[in-house]
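Both complexes shown next keep chain A, but they swap its partner, so chain B is in the first and chain C is in the second.
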Partner chain A sequence: MSVARRSLVIGVSLAALAVAPAIALAAGEPFYVTLLTRIMIFAIAALSLDLILGYGGLVSFGHAAYLGIGAYAVGILAFHGITSGPLQFAVAILASAAAAAMIGAVSLRTSGVYFIMITLAFAQMLYFLAESLNIYGGDDGLNITQPSNFGRLVDLGDPATLYYVVLAVLLVLLLLTRQLINSRFGLLVQGVKSNERRMAALGFPTFRYKLAAFILSGTICGLAGALFANLTLFCSPAIMHWTRSGEIMMMVILGGMGSLFGPVLGAALYLLLETLLSGATEHWQAILGPILVLVVLFSRSGFFGMLTGERTARGRADG
Partner chain B sequence: MGAAMTAVLEQLLNGAQFGVMLFLMAAGLTLIFGIMNLINLAHGSLYMAGAYVAAATFAASGSFLLALLAALAAAVALGAAIEIVVFRTLYDREHLDQVLATFGLILFFNELVRMIWGATALYMQVPAFLAGHVELLSGSPYPTYRLAVIGAGLAVALLLHLLIARTRIGMLIRAGASNRAMVDALGVNVTLLYTLVFALGAALAAFAGAMAGPIFTVESGMGESVLILAFVVIVIGGIGSLRGAFVAALLVGIVDAMGRAFLRPLLASFMSHATADNAGPALASMLIYILMAAILLIRPQGLFPPRGR
Partner chain C sequence: MAEALLETRDLCKSFGGLVVTDAVSLVVTPGEIHAIIGPNGAGKTTLIAELAGELRPDSGSIHFAGADITRLAMARRAALGIARSFQITSIFREFSVLDNVAMAVQAHAGHSFRFWRSARRDARLRDPARQVLAKVGLAERAESRAAALSHGEKRALEIAMVLATRPRLLLLDEPMAGMGPQDAAGMVRLLAELKRQVTMVLVEHDMDAVFALADRITVMVYGRIIASGTPDAIRGDAEVRRAYLGEAAA
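For the complex of A and B:
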């Protein structure tokens, strides 16, 4: 029954996403197309974090860094007149993978609260790096004059096209990550989460598995960043502000950690809540903050778990 | 050569001044983590609260001492209140839950100070009795206030050391850090002990915030950059170790100040000025994180790893 409910929730959500732009444009509200694109981009980022947080137990508090690297890859190349989409996205993916490899290699040597603080510190380092790069606008950020060029067929400058490209990327990633977590690699990573010492005793090189998962996660988040740069046509250090890392983590928890689709719902919930509250009052964060505290204290399995009646990783963790 | 010496001395003092403030933050964080096993992002909010209350009280009364006392009192009350309302439910939770709940608290407190004091930054004057400069070496004035901050920070560090090492409450704190269950079983009121430790951490953070008022601008969100640096400090020092926090705080403060002052001229001595102008500040802003990574590669548990854990 639970499987059926799960398919129903996912199916309805995706069907709604597929037809949403047509409805929004027919209603003369193009704003919603942009909002939904934004939601899906953050859904990709949250999905990438869920991969290591929900399945690997790695609390990375610096995921905004990869979002920033992806966005700056597009921005910096565009600044130097290189607008080729495939090239920009390749650089974004490689750069975020390289950064994740370096950050992971250092921070995965530790665990627990050290890991949280170190990932946060490295993200902060990249934030200050972006702030000090005066050629690329420093603190003020960098305007991107034209979106990534994918030829005449795919014009990312068109909001509806960008929307469907992002939706397609999200769908592909959802399918791939589902395959991945059920693969040998995915099961090993989950094994490391539940008992690393035992996995090591069985002879598995646990560090390598964790690092591979960490790099994959950072890379997917970097891809989200490249898409984000195309949505906003702007990149600034604010993309990798530490609160952004907190927001991405919050999306995972809101939706339901360790469920892959949960973070998609979480991203939607968080950004819709933010849009609604910020429309209602200037002091919306004074309302959002306590809501988040209450969610953390009292909700055990997130929104997705609530809808499907399943317990997600967090719900299970404390029985 | 004399000028170079003075410049180095000046940056050493700037670094020490930033270092002692980082220590005050890191000490509270590391105590709270060591004893309650709690990671508290909202510690930066207590620093901010200290700065705001001090700035407002000083502007209203003109008395710096009163401003300090008001900041401490407010932070202790606030710290005890959030400990009782929020943190008691969080002690037994995973670190992830603690991070997220305290993240929510930060959003709330940042907005709260905007609601109370407005969105524009406050500026706090240097108190009259600490205004002016002291001649360090011949002909190089250094602000008296900054020297006073270093002195006050070192004095608090010493008092804290005495409190933890020599008093009964300090003994309970150390006992709580090494074996909570045992302290509880021996009939110590652990709940009260936790609230006390939390209030102590809050007071240290507020003291740092109040002293930071005349040096930095007092604005919403001011606590976070200090908080993240304090994390770097306790990671370098070894989580739970006060001695480690002290050494690491001074190290981070001094390396940061030196990097910002001398990295660009150093680079310019062997590369083009334009490149140095770009690379210098970029490298300087990354320096302490590179230091952290280097130390962790050699000692993953920090310089003074906690024993018996």
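For the complex of A and C:
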């Protein structure tokens, strides 16, 4: 175990994130502030998925749904002239929690491939629902005329402010989830992943805990969606397309499942590669694909595992 | 005769046309080790699964401490104090040995909607877990990964996890399966120590172990009980000898 290397990787990454906007703005490249904000928002989404995927073994293939719900909560309220930030975010969080509760209550009765397919099906249902909402732009999406209003102190319309708000949210979530995974609840969820039959035999009513974890995960992802709407000032059904769910899952696997910080690196790696490669060629996916395959093949605990030389929950499970 | 701790009445279960539990009526009294023996396919593991709540019988009833538990789910039965160990070792492989047992303690320490305090530093979980590990002789291995234990150690861990739930009734499904003579002797010693502290239903093929430990023995063949009594009575039973012991004694 290399706790020191792990701390180093996390410390350097977070320090870089803390000073990045100043450097980007000084260099006259404000685009990078937006790109990094985007990366951190997807890092939050990937982190939420890692909670149930890496620690709980629940392969949700529909996490983009909550991203969409969070974004549309902001978009639809703004469309109706309700721009209060606290209210928009509260609705985004409650709506994604409610959706996760309903989707989880149904899909957690299955497991394995069926679970994957049902979560995917629910996300696609929401995708087509958004497409059919003509009042909110349907297929074309919905422009958001102004960002969530948090008073004069916090102007999310300012890229640097939004950047630091997202960074703060990410940091708080990293700290909370780190505490969570070692709590009774966190260990229970990992026990379910390891051996659910044993958990039931020990007397744990596993369903309610899995559902709670699923709701928590969906809620965090919904929060990411509300932030995303503030970044793009636009929401469209594309945000919940199943390929987006796949991207979020890819970020988790790429970064290292069951490591919390891995998904942050995974989101960064995925989106940076996407940006670089799509600038170079329109066939960028043909290059990105093999790179992803190689990382996954050669480091089963992902990019984070490569950097720290340590094996994450998934690596340990296989070993 | 003492009040039964566990009683089944006319328990029946079939898979398709195959009757695996055939009108089984069993009485387990408090404090005894009640062994269930029989040739492969006699339905012993199925019976354990029905007692644990993993399988639902087609008809008949199961009573525990006077209450009808026939329709209770596995987790509810575990909460009442029925614990089982598995024929195939069932542990949390990637957890440490101590984590495994602490998880069993946690199962009976109220709800687990506790999101903040570290469970790995919670003395209410760790202390009882360490005590149980000492009891089964695994204290030295507390910090090892469960997957790294030897087969015999894994079986002992399995027992430790079951004990940590402070059960009133232990359902042991072949605890000595796959063990060498040395490990098996250790397990017999452990179970003998636990005798009287906890009531046990023991399914086991190792006849030496069964006759050394059991207060009463029930013999099953093709899902049916053909005999039930003290070890001496079973040893002397002509039908049992013909159906089962004959081949083992030969």
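General observations
Everything below uses one rule, namely that the second predicted complex is superposed on the first by the 312 of 319 C-alpha atoms of A that agree within 3 Å, B and C clash if a C-alpha of one lies under 4 Å from a C-alpha of the other, contacts with A are read in each partner's own complex, and residues count from 1 in each chain.
Methods note: a contact is a pair of C-beta atoms (placed from the backbone, for glycine too) under 8 Å apart; a residue touches a chain by one contact, two chains touch by 3 or more.
The model shown is predicted, which means the values in this text are computed figures rather than measured ones.
Within the superposed three-chain model, A:V59 lies in touch with chain B and out of touch with chain C [touch as defined at top]. In the overlay built on the shared chain, the residue A:I116 is in contact with chain B alone; chain C does not reach it.
Applying the stated contact rule after C-alpha superposition, one finds that A:P205 touches chain C and leaves chain B untouched. In the superposed pair of complexes, A:P30 makes contact with neither chain B nor chain C. Looking at the shared chain after the overlay, A:G11 reaches neither chain B nor chain C. In the overlay built on the shared chain, the residue A:L188 is in contact with chain C alone; chain B does not reach it.
Set against each other, chain B and chain C differ in how many residues of chain A they touch, and the higher count belongs to B. With the contact threshold set out at the top, residues 317 of chain A are in contact with chain B in one structure and with chain C in the other.
Residues of chain C touching chain A in their complex: 52, 54, 74-75, 78-79, 83-84, 86, 90-95, 99, 102-104, 106-108, 112-120, 122, 125, 145, 147, 161, 165. The residues of chain A lying in touch with chain B in their complex are 53, 59, 61, 106, 109-110, 112-114, 116-118, 120-122, 124-125, 128-129, 131-135, 242-243, 246, 249-250, 253, 283-286, 288-293, 295-297, 317. In the complex of the two chains, the chain B residues touching chain A come out as 33, 39, 86, 89-90, 94-97, 99-101, 103-112, 114-115, 224-225, 228, 231-232, 234-235, 239, 278, 281-282, 284-286, 289-290, 292-293, 296-297, 300-301. If you check the complex, the residues on chain A that touch chain C are 179-180, 182-188, 190-191, 194-195, 197-206, 209, 212, 313, 316-317, 319.
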